[in-house]
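Two complexes, one shared chain (chain A), two partners (chain B, chain C).
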Partner chain A sequence: MALISAMYPVAEQVGASRIVKAVAIPHPCGDPSLPAELDGQLRREIVSTALKALETKVDTTTVFTPKVGADG
Partner chain B sequence: MRLEMAEFPVRQIRLGDANRYQDGVLDVDRDDLTRLVLRDARIQSARFEIATPGDPVRVTGIRDAVEPRAKFGAEGQVFPGVLGPVTPVGGGVTHRLSRMTVLATAAYEGTIRAGTGVQRSALLDMAGDGAAASRFSALSHLVLIVEIKKGLAELEAHGAIQKAEFEVARKLAESTRGLAPARVEIFESHLARRGVPRVALVQGCLTDAQQAHSGVSYYGLPIRESLTTAIDANELLDGAVTVNTTRCVAYSPTSWDWQNHPLALALHRAQAAGRLSFGGVMLERIAFDNFHGKEVVAHNTAQLAVQLGVDAALVTWIGSGNAFVEVMLTIRALEQCGVKTTLVTYEYGGKDGIDSPLLYYVPEANAAVSSGSRDRWIELLEAEKIVGPYEAIKVLTYPGAPLTSARGRFTLDARDMIVGGVDNWGGDSWACELF
Partner chain C sequence: MIRVVHILNQFFAGVGGEEKADTPVAVVSGAVGAARGLQAQLAERGQVVGTIYFGDNYFHEHKDDALAVILTKLEQLRPDVVVAGPAFNAGRYGLACVEICQTVSERLGLRCVTGMEPENPGAGVYRDYHNDKVFLLPTSETAAGMARALTAMAPFACRLADREEIGPAAKEGYLPRGMRRLVRVDRTGADRAIDMLLAKVAGKPFATEIPMEVWDKVEPAAPLADSAAANLAVICTGGVVPWGNPDGFKTYRNTFWRKYNFAELKALEPGKWEAVHGGYNVAFMNQNPHYGMPLDALRALEAEGKIGRGKLYPAYYVIPGNQGSPAVMRRVGQEISADLKKDGVDGVLLVAT
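Then we have the complex of A and B:
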């Protein structure tokens, strides 16, 4: 199981196994303020991070961070 | 700021031919007050009823409650930015009619059908178990029942209800002109005492930035995605902080609650007793929609507390849901800056009290005061009389929910629909039993 969550510290607290950092509570898997092309890239990045998280073996609560914005 | 608050307790409200206060009895002139309210073209009709503690009455359609207050002498005004200009308040002489409210009720369907902007109204039982669930059942109420023009959007409807409510409240308090109060209390907001801790109140405010009215206003301006704001504690006493009167939900305090903020009053009184120095009130907007925003506002509050030279803070909040994350992050940020904190919060816990009481927590939150659960179910018994605009209500709030007779017996899953059904700030009396 992988949980995409904007409130990832809350997800950590309840002990979710794989947590993917999301953008914001009203739009976890994208950013409607971005131009469509950049929003598309962001959405793909979040979903592929979640898929990678599912492929990863974890022993404890683990947070996966999509590459976004200046970090990307 | 130095405010002299003259108290005129009301033990009975009567319908009369003049607005007059004498020995705890308030006579109200319904015709005069109706004329006052109908000056606003947005109000179609207005009437008044009285609800007294112990009456077998259920009040419906409640939008807000306010304590009648008025200003005397050359200085100041009440409800700045709503009834008057944006000029400073919190000084001079204020008269209050205590032990009563003007309870604003209105039928209003709204133009928004669902979500955080949808209109909501609350109930109040004046007798029975329902009465025990609300601090407002112990007060006398002049119930204002307005009908607003059809088709008004939320912000216009709010403006009409609030103006009517506040104008009636001010007019009633003005009837104490020249009378001797039962009690006078002095509130000094800049009394720096040496050798005692300086304690501030951090007031988290959930505001819906995207809605026409965000939920909490300062001088009539809805607070949106602001950073933390330091205000003078006396401003609360003169009605500088007000609420959205199209949405009355128990986890959002009423105007009466802001005027009578129990934590602000307790800090004032502890200062007067020489135990501490009241370092003021910080309004902290909470419910940022990403974690970055939540971390920044928590940091910002701690920075402001340090700038204000605060040693300790009471941290409390209004609202529900993810906004509590900021509250905990704020406690952590304050403690990391050397500011000691105590949290005052209601609990969740579910209808039977067995679910998690808090959404989120940090290890630094090592002192907390619970003001009870907002989640426990409650059965309301039959009421003999309905006061207010609705004879039928929706017990569930989803769009298209069925109507139930307001007079009948029904069960509420939580206290949100009872005005005063949630004790946000620990103003009520609570006992605790260990199991």
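Then we have the complex of A and C:
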């Protein structure tokens, strides 16, 4: 399981295995201040990072950070 | 003499085993079954004025009725204290003991003592109740520890009946309830903290005044060889549900989960979905449910072949996570895992807030 959460320090503290850094608590998968297209790309990147996390061997709590473009 | 009522399941009342698990609530005058052992321990100090018992299944399948009957019987028996269990590692019985103590203390104002193994699911619920009238004494896993358990529970019950002040868990031996009591001490927090720090640096023992919650340690699952070939599912604790909240989720402390089908959908249309959650501002998710349940991104990845065709589970799971009690969430997690395994899901994305 990959946990997508903006409260990733809490997820780390309680020992979740695969954590994906999300944007913010009220909108983890995306950023409403972005134009719709970039917002969609950001969301796709977050979910894609979660898929990569599932494919990655981890031994302990690991945080995966989605790649966010200079304008995103 | 102290009046005690002992609460037992059908097994410890001597009625029968699993075949009698549907036995309704019954009351017997005086002590029967394990209550005889309790009576022996109470000796001259107290009297078991009644034994109330019920089948393990009956209680959980008719909980409201069972609790109502138990309250009525207790009003008639007028005990000074209620003893439930010991339940050892029996899950149904342990949970029943804790639920009964909770209701009895709330409704009748009685103090209660129960006993069970600390790993019994009832012990988790007890911790979550933070009830200052209920005390759970740890026991062994099996009924081999009956005599020892009753030896501890009987004098404890007498102290409760005598309205004695009970000290902190670490001193008195009951399981901690996560409650903090105000006490007057001679030295300031700064002094005490420095003492602790010095003890720690010197490698000497010290006791924290603010114990942290201890979390389960979960071993990381093995990685998926290829996520494009895996069966995937999504869980949402942000609380995105169909508009109108058909299953009546609350904004906090939910106790059940649901799954909602999205097999035919390419995206979650605003106005057809809403976020139910009392822990953050839901306005963004109501405008765009994908912030909490990213179906559009999942479909895009499906189109690119990064998620296999037909590999995404046709429904997503949801429970708004706000203020969820660890014990309830553990159960919910176990139930969802069982459902995922039954349907052959290999990997899960959990979108939290």
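One rule holds in what follows: the second predicted complex is superposed on the first by the 69 of 72 C-alpha atoms of A that agree within 3 Å, B and C clash if a C-alpha of one lies under 4 Å from a C-alpha of the other, contacts with A are read in each partner's own complex, and residues count from 1 in each chain.
Assume a contact is a pair of C-beta atoms (placed from the backbone, for glycine too) under 8 Å apart; a residue touches a chain by one contact, two chains touch by 3 or more.
Owing to the predicted nature of the structure, the values given are computational and were not obtained by experimental measurement.
Asker: Looking at the overlay, what does A:47 touch: chain B (first), chain C (second), both, or neither?
Answerer: In the superposed model, A:47 contacts chain C only, not chain B.
Asker: Given the touch rule stated above, what does A:65 touch, chain B (first), chain C (second), both, or neither?
Answerer: In the superposition, A:65 touches no partner, neither chain B nor chain C.
Asker: Figure out whether A:9 sits in contact with chain B (first) or chain C (second), or with both, or with neither.
Answerer: first
Asker: Touching A:56 in the superposition: chain B (first), chain C (second), both, neither?
Answerer: Second partner only, chain C.
Asker: Does chain B (first) or chain C (second) touch A:33, or do both, or does neither?
Answerer: Neither partner.
Asker: Residues of chain A touched by chain B versus by chain C: which partner has the larger set?
Answerer: Tallying touched residues of chain A, the top partner is C.
Asker: Using the superposition described at the top, list the residues of chain A that contact chain B and also contact chain C.
Answerer: Correct list for chain A: 6-7, 25-26.
Asker: With touch defined as at the start, can you tell me which chain C residues reach chain A in the complex?
Answerer: 215-227, 230, 232, 238, 279-285, 287-288, 290-292, 294, 296-298, 300-301, 306-307, 347-353
Asker: Quick one: in the complex, what on chain A touches chain B?
Answerer: Touching chain B from chain A are residues 6-10, 13, 21, 23-26.
Asker: In the complex, go through chain A and note every residue touching chain C.
Answerer: Listed in rising order, the residues of chain A that touch chain C are 1-7, 11, 14-18, 22, 25-30, 32, 39-40, 43-44, 46-48, 50-52, 54-60, 62.
Asker: Show which residues of chain B lie in contact with chain A when the two form their complex.
Answerer: Of all residues in chain B, those touching chain A are 289-291, 322, 325, 359-361.
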